[in-house]
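What follows is a short report on a single structure.
Should a chain be cited, it is by its letter among A, B and C, assigned in written order, with residues numbered from 1 in that chain.
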């Protein structure tokens, strides 16, 4: 607790949850989870299966509503009370576990509709791609290395490319907080490396939360790690600190 | 007071017909996400099987056994229609798993073929089926006259429901069905042949349509398009009841049956339909996925 | 790009051919073609709704019917006096909801606006709660039953199962004269072109891309910041308006509208046209409507009994084995030809073509 207090003073808090509870029937998927995230932090959440990591992301992006407690985004915005699309417009972007791009649209169109813009029907009816928009999309294509594939139907991309495209789609929204759920699942080692570097780049301008199982990956790229267990906060700190923690060892290795 | 009680009884009996029709639909939709528009036509075939049984009895069986035709028609309709259902599953539906809207359209086409088949064999005009003598007349309780035919229908639905329940929850085969219903991939990994389960379950759903067809002959004359009158109402039952739990289907059917009867009693047949539609839309504002629903984690 | 160019030329060519048809066809056949073109307009609306936004409505007969009834009511009133069936039912004074249709402009506006409004309201209450997919489809089907029974039961106001017919003039001209029918035909062709153009603009705008996105992944689209239900309501309402327009043009050429022309079976057949022509395209629905109705007319005259077998079989085969319809077959043939021309490597390439869709 002391540590959190310190952090609060040192840098701006982007996200803060207090005693968050999410209940599915009798099961408490998240139980009094308190969490804090500073700006430009690459924050990993780890924990065994069923620890509530994905559910936590679900709450942040509006897919699941909290049973009690709330999450504050940029100190004032209560995420638990907004619809998904409103949360996106406030600046929270999420990448899902399975690549969910739009297979029958081109790579270009995928990015075009993801772009930060007015997203009401009246605007999209009349919208044209301006030179500035094209530059932005091109920039993004360069970042994810798909500049050759811009007219290709997204459904025909390789698995890793789809994952990057989805990350790019999230970035096109210019979010202040990015949520990623197992971004390297199913990737080759080379792709993993590339994704890690991509995450570093992304976190230069914004806060990032990553849920990940691959410990080597976490060790390599995490600024800070939070361990969840049975819906609650277990500990946080750097990867080294977390690895030394008695309770973490207990949970992961079943040591008593 | 007695008229209200009578309406409740009528509502329940309508509800039980709806339940019988919707039961098969709920199984196939819950299990395979297939919208079987041909279900109405399977019902129609069940009704014609009953008619055929009657014709056979009149021609070949001594008159004193006539009443037995109906008792015999129920299992025969179940088996014949289940067979047709299996054929339908094999030829059309198995190509359409994962495409619910397409399954709706394709089965509609299959239904048209069945309709035309019956029309070619039996002719387009309606045919009447004579109720067996033991279902004529009515039971008098507290000044209410409850027709035996309707009581019989309610009883039949309870028997079918009980049979289905025992099958699903008390037998090995039923456990397999539920396993596939809840998680198809996982069940397949555990060595359950989902093909076999699908085929059998679809046949069973169709069989119930056959039984439903039998009971429709007690209500009035039957024609090649009789299925259409019931299929949409039955779908509404599934929508209201939700997917994956028989309880929802039961409550949905009885609810729609009772409300429908009351609305029609207070206004008229067509206004009753309008009101019940409005009520269902209103209900869905409160429970968009019906009374019971299975939650999943997948995104789309 | 030349590929796209040629497709555009073909569309324009087709349009021109339709325009000169009155000089080629006998009046009877022209009238038939005109009806089919009215159906084609309707099919375009369904094509956008189903093919692009992924919403399957089995209730478009209602919207089509409303447009048709509105026009029929106007025609009846301007042919003079209270409709016969009202007289037979002892109604001597025209009810207000009939009286307003005596003004042609009001009638035409309402024929399009009421379906749009109606679809908007139903869409709002369903899409808002994320009732989509099969659930929505089932509700639209229930809507058909409700509306048709209502029309049949309110015989004194609607003409019941007999519908409305017996009108023979429009703006003072005889509906049966060859010239009037030609004018109506041309009007239909021009509206078809107009609706096609609007749909083309619509599906190729960013709005159209969002519709495709919603079709492919509704939730995902929501997580891009789109309020998907608004898009769904709008496209549903648009498509209902198009159906109303088609209904108006239809009744002008057929001279009758009854509940059985807008019931469950016709409503599903409308979807079939789109399925046969090819969903996810705009040419597909038009071709589908023309071919299916042409075949239906010929077939049901020649082999009336076999027709239902045939249409049922086509339904099954198209949906199961060629879900992209005629346009899909054409695309496959073109792709094969291109592959032959450029060698095997190009086979992959054909998949990559993703220029604007017609």
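We take it that a residue touches a chain if its C-beta (ideal position, glycine included) is under 8 Å from a C-beta of that chain, and two chains touch if they have at least 3 such contacts.
Nothing here was measured: the structure is a model prediction, and the numbers come from that model.
Relative to chain A, the chain whose mean Cα position lies farthest away is B. Chain closest to the overall centre, judged by the mean of its C-alpha atoms against the mean of all protein C-alpha atoms: C. The distance from the centre of chain A to the centre of chain B, with each centre set as the mean of the Cα atoms, comes to 47 Å.
Inter-chain spacing, taken between the CA centroids of chain B and chain C, is 32 Å.
Centre-to-centre separation of chain A and chain C, using mean CA positions: 44 Å. Touching two or more other chains at once are residues 299-300 of chain B. Among the residues of chain C, those touching two or more other chains are numbered 217, 219-220. Multi-chain contact residues of chain A (touching two or more other chains) are listed as 96, 100. Those residues of chain A that touch chain C in the complex are listed here as 61, 63, 83-85, 88-89, 93-94, 96, 100-106, 109, 112-114, 119-121, 124-127, 151-153, 156, 169, 173.
Residues 56, 122, 125-126, 129-131, 133-135, 137-139, 141-143, 145-146, 149-150, 152-154, 217-220, 264-265, 268, 271-272, 275, 305, 308-309, 311-316, 319-321, 323 of chain C are the ones that touch chain B when the two sit in their complex. Interface residues of chain C facing chain A in the complex, by the touch rule stated above, are 202, 205-207, 209-210, 212-213, 216-217, 219-228, 230-231, 234, 280, 348, 351-352, 354. Interface residues of chain B, counted against chain C in their complex, comprise 29, 33, 35, 92, 95-96, 99-102, 104-106, 108-113, 115-117, 119-120, 228, 232, 235-236, 238-239, 268-271, 273-274, 277, 280-281, 284-285, 288, 299-300.
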